[in-house]
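After this come two complexes, each holding chain A, first together with chain B and then together with chain C.
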Partner chain A sequence: MEKIIEIRDLKVNAGKKEIINGLDIDIYANRVNTIVGPSGGGKSTLLRCLNRLTDLEPGIRVNGNVTFQGKNLMDYDDVELRREIGMVFQRPNPFPMSIYDNVAFGLKLQAKVSKSVMDMMVQNALEEVGLYDEVRDNLKRHANTLSGGQQQRLCIARALILRPKVLMMDEPTSSLDPVSKGRIEDLIKGLKEKYTVILVTHDMSQARKVSDYTNLIYNGKIVASSEGTEFTDIEDQDVKDYLGELAE
Partner chain B sequence: MDTKNKFFNFFTFLMSLVPALVLITILAFVLFYAWPSIVFNGTTFFTSYIWNVGISSRPPVLVRGFLVPPNASFGALLFIESTLISSALAILIAFPVSFLVSLGVEMYLPARAKRPLVSLIELFAGIPSVVYGLWGIVVLEPLLLNTIEPWMRSNMYFIPGFSGEVLTGSGIIASGLILSLMIAPIITSVMVNSFDSAPKEIKQGLVSLGATKWELGKYLATNYSRSSTYGGALLGLGRALGETMAVLMVGGGIVNVLPSSIYSGINTMAAAIVAYLDSAIGQGTGINLSALAELSLFLMVISLAVNLLGRRIAGRGALRGVENDKL
Partner chain C sequence: MINSDMHGSEIKWKRHSSRKAKDAAARLLGYLALGFMLAILISIFAYIIKGGAGAINWNILSTYGNTSEGGLLNGIIGTWELVGMGLLFSLIPGVFGAIYLTQAVSNRHISGAMRLFTDILTSVPSIVIGLFGYLVLVIRFNLGYSLVAGGLALGVMMLPYIMRITEMSFRNIQSEQIMNAYALGADHVNVATRILLPQASAGILSGILLSVSIAAGETAQLLYTASFNSAGLPSGLTHSPVGYLTYFVWNGINQPSAYAHNLAFISAMILIISVTVLIFISKYEDVVGRFLRRVFAPLGAVINRVFIESPPEQGVKGKSKGEKEWKK
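Coming up: the complex of A and B.
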């Protein structure tokens, strides 16, 4: 399996507080790489390190060695990096504008694109998330008129239009109903054809459904990794208890 | 219980009318004093820049039903122009500076440093204007006179209005700079607060899609925080229009000549009212005082209009937000 991201000895501090302390993880290309772990374990922080959203949080210090496609993360231009590592958030966050403008937004920032090309790219991105048929006649509609599940797929389309290498999803279904959740899970399985997916979830059954490679984060460290979702040889009793709770 | 409640309701209703009543009373009062001047001067008040209190040593003459000193004529064009120019310059300087400062505060300061800094900025707004005026006279004017204005004159002469004579250092530039210094804290504090209150999810979403800090700020200023952006600017403008002491001190207090270049002295409405009030009160026919009252009335109307406009823009923004949430 090809590694697209390698993190070694990552440390993240907020003032005196250690959020992540010495974390190692490999992310495999064209796989669904899942990260599970208790609330407050540092999952979202880890994702924010990867696209350097942490640069915008002046109180946060990040140390360690992260390579993405063989190149140190800090050697990337931050804007360039964020186009290559897309992010979807826990709560759908469409911008207050039309469906079309939402999807076109990132591309518009990047380049001057003719209307016809933009139309095509927007359609493409919406098709990729299975939203196009639902909204094709209403592309000018305000994005807030979509259902929660549709909004989340819109946010995925908005990230995909930039053709990222990696798509990070931070508990993308935790605010959605079971049907919308199922649709997004199916979508995730399809996405790995073209993209590397990093999925953060609390939900073991979701991990079992979509995950190719699963990492368990606990107290700011990866304490276990495994192909599939079964963790063996865990020593720490707290971690065992946590897994037990998850399984219930 | 019920009657008590009714009484309380009625009483609070009455109290809610107080602000409107106060405003109307003040307007009526100023209008009453201004009336002789309004009739006597007519439209000349707005078209002439000659402010002549007349010859009070000679017996007054009767014009349009009012006794006035011979030769008296009151044209406020200079004061109006001075006010508009200095306020416009102030906004022109303060607005972009405030935008950049708020963007910097939002992007580069840790959360725990933000609050104290905003408090500090707001503290600036509380500095008495006479202090700014003093600083303007002692520090700014010599700097303008000896260094900055001569430099502008020899390097920017091709811009219309930049080739005139440098005379004193007081005037348009000094007033504009001092005013901008006074209103920038107001605008900045409004902007910082509105950048800060824009939803984190939206900010992170924008940046995740490759928006630079600059693009993020631009988006916030023109979308999420649009009403605060304009509201803050108009608040600042309102303050600049009515500011008195500082522009009285650094404006130059010129009379009967319109500014001919950016280095010219000025005399704003508020400054003129203060400067001429003393002599006007002692004047026998009362027409001087009336002319100053007309000036006050006009200043008040402009300021109110700016404030109302600000509210309407801010209100429209707020409504749009509500609609979005409902959709």
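Coming up: the complex of A and C.
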């Protein structure tokens, strides 16, 4: 398996509080890399380090060695990095504009494209998330007229239009109903053909459904990693207890 | 040692009747306070309108005058000119200040200091602002009694209201949405113009209306910076005094003539009615906004087509379809 991101000894502090504390992790290309762990365990912070959204929070200090495609993360221009490593957030958060403008948002900011190319790219992105047929006649409608599940797929399309190498998803189904959740899980499985997916979740059944490689994060450290979702070599009792709770 | 068997100890439960009596007493106090406030408000309105409505006539509204003869037109127009000038000086810095305070990257010490200073600014007595305006603007910068000096003195007072109310409406925007914009490659300007401002326009409008209604009723700093002009409207931006309604109230009531008293009452009436209307609009801006949108929708569509959805720049020639040129 080809590694696309390697993180060594990552440390993140918010003021005096340590959020991530010497974390090592490998992210494999064209796989669904899942990160499972309890709330407040540093999962979201880890993602925000990877596209350097942490740069925007003055209280947060990040140390460590992260390489993406063999190049140090800090050697990338931040906007270029965010183009290559896209992100989907926990709650669907369409911008206050039309469906079309939502999808086109990132591309409009980052590239010069003609109207016809833009139309095509928007259509492709919406097709990739299976939303195009549902909205093709209503592209000018305000995005908040969509249902929650549709909004979340819109947000995925909005990230995919930039053709990222990596797509990070931070508990993307936690606010959705079971049907919408199922659709997004199916979508995630398909995405790995073109993209590397990093999925953060605290839902073990979701991990079982979609994950190729699963990492368990606990107290700011990766305590176990495995292909599939079975962890065998855990010694720490707290972690065992947590896994037991997850399995219930 | 505390008795660990909680079932063994006697508990004296409070009686419901005493709680209900307390509730009733609290409610009564609330009603009394409300009634007291309403009585004051209504008597002010009744007194002013009774004094003003009887004396008002078209001649008074349409001619220039001073406090003992003529009309109020110089005061009516002058008040709005001064307030408009104040808005000119406070709106842009207020909104930009609010954007700075909201952005995650802003320096905490600077934004903390900004909040502190604006809070202090709201509580500086207007006579002090007036004194400062007189010594610095009128004398030192040699603006004379004028629209600019008066507008600046009002703007200093309007700024904190606009800034804090705008900031509040920015804060209502989901922070994940802002982060998501950054994640898609937006810079601070993009975030301000495409995410923050479109969603905060209602909040900015209510900040404007509130600050305007407060500024329209100010007197002290204008006495020092705009003086008064009984001859008519100011002839220029500087070195030309301006009339305003609060002056008619302040000075008219001191004159020994019934006519001057009438002018004072009419001025006061115009002020309280306009302020009430402004506050009403800012409270119900969604209703008013819907009405305005319905009226201006055709105009808005034209503006949108011409300015906002202007055709995007064409792709670079020679590139095959689908290829993009990433911005550097």
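Structure notes:
Keep this in mind: the second predicted complex is superposed on the first by the 248 of 248 C-alpha atoms of A that agree within 3 Å, B and C clash if a C-alpha of one lies under 4 Å from a C-alpha of the other, contacts with A are read in each partner's own complex, and residues count from 1 in each chain.
Criterion: contacts are C-beta pairs under 8 Å (C-beta built on N, C-alpha and C of every residue); 3 or more make two chains touch, one makes a residue touch a chain.
None of the values given here were measured: they were computed from a predicted structure.
When the two complexes are overlaid on chain A, chain B and chain C occupy overlapping space and clash. When the shared chain is aligned, chain B comes close enough to touch A:Thr145, but chain C does not. Contacts of A:Ser205 after superposition: neither chain B nor chain C is touched.
In the superposition on chain A, A:Gly106 makes contact with both chain B and chain C.
Partner contacting the larger number of chain A residues, of chain B and chain C: C. In the superposition on chain A, A:Ser116 makes contact with chain C only, not with chain B. By the document's definition of touching, both partners, chain B and chain C, reach A:Leu56. Looking at the shared chain after the overlay, A:Gln69 reaches neither chain B nor chain C.
In the superposition on chain A, the residues of chain A contacting both chain B and chain C are 51, 53, 56-59, 79-80, 82-83, 86-87, 89, 91, 93, 95-96, 105-106, 109-110, 155, 158-159, 162. Remark: chain B residues 107-113, 199, 201-213, 215, 223-224, 324-325, 327 touch chain A in the complex. Every residue of chain A that touches chain B in the complex is listed here, in rising order: 51, 53, 56-59, 79-80, 82-83, 86-87, 89, 91, 93, 95-96, 105-106, 109-110, 142, 144-145, 155, 158-159, 162.
Considering their complex, residues 104-108, 174, 176-177, 179-187, 190, 194-195, 198-199, 311-316, 321-327 of chain C touch chain A.
Listing the residues of chain A that touch chain C in their complex gives 48, 51, 53, 56-59, 79-80, 82-83, 86-87, 89-91, 93, 95-97, 105-118, 120-121, 155, 158-159, 162.
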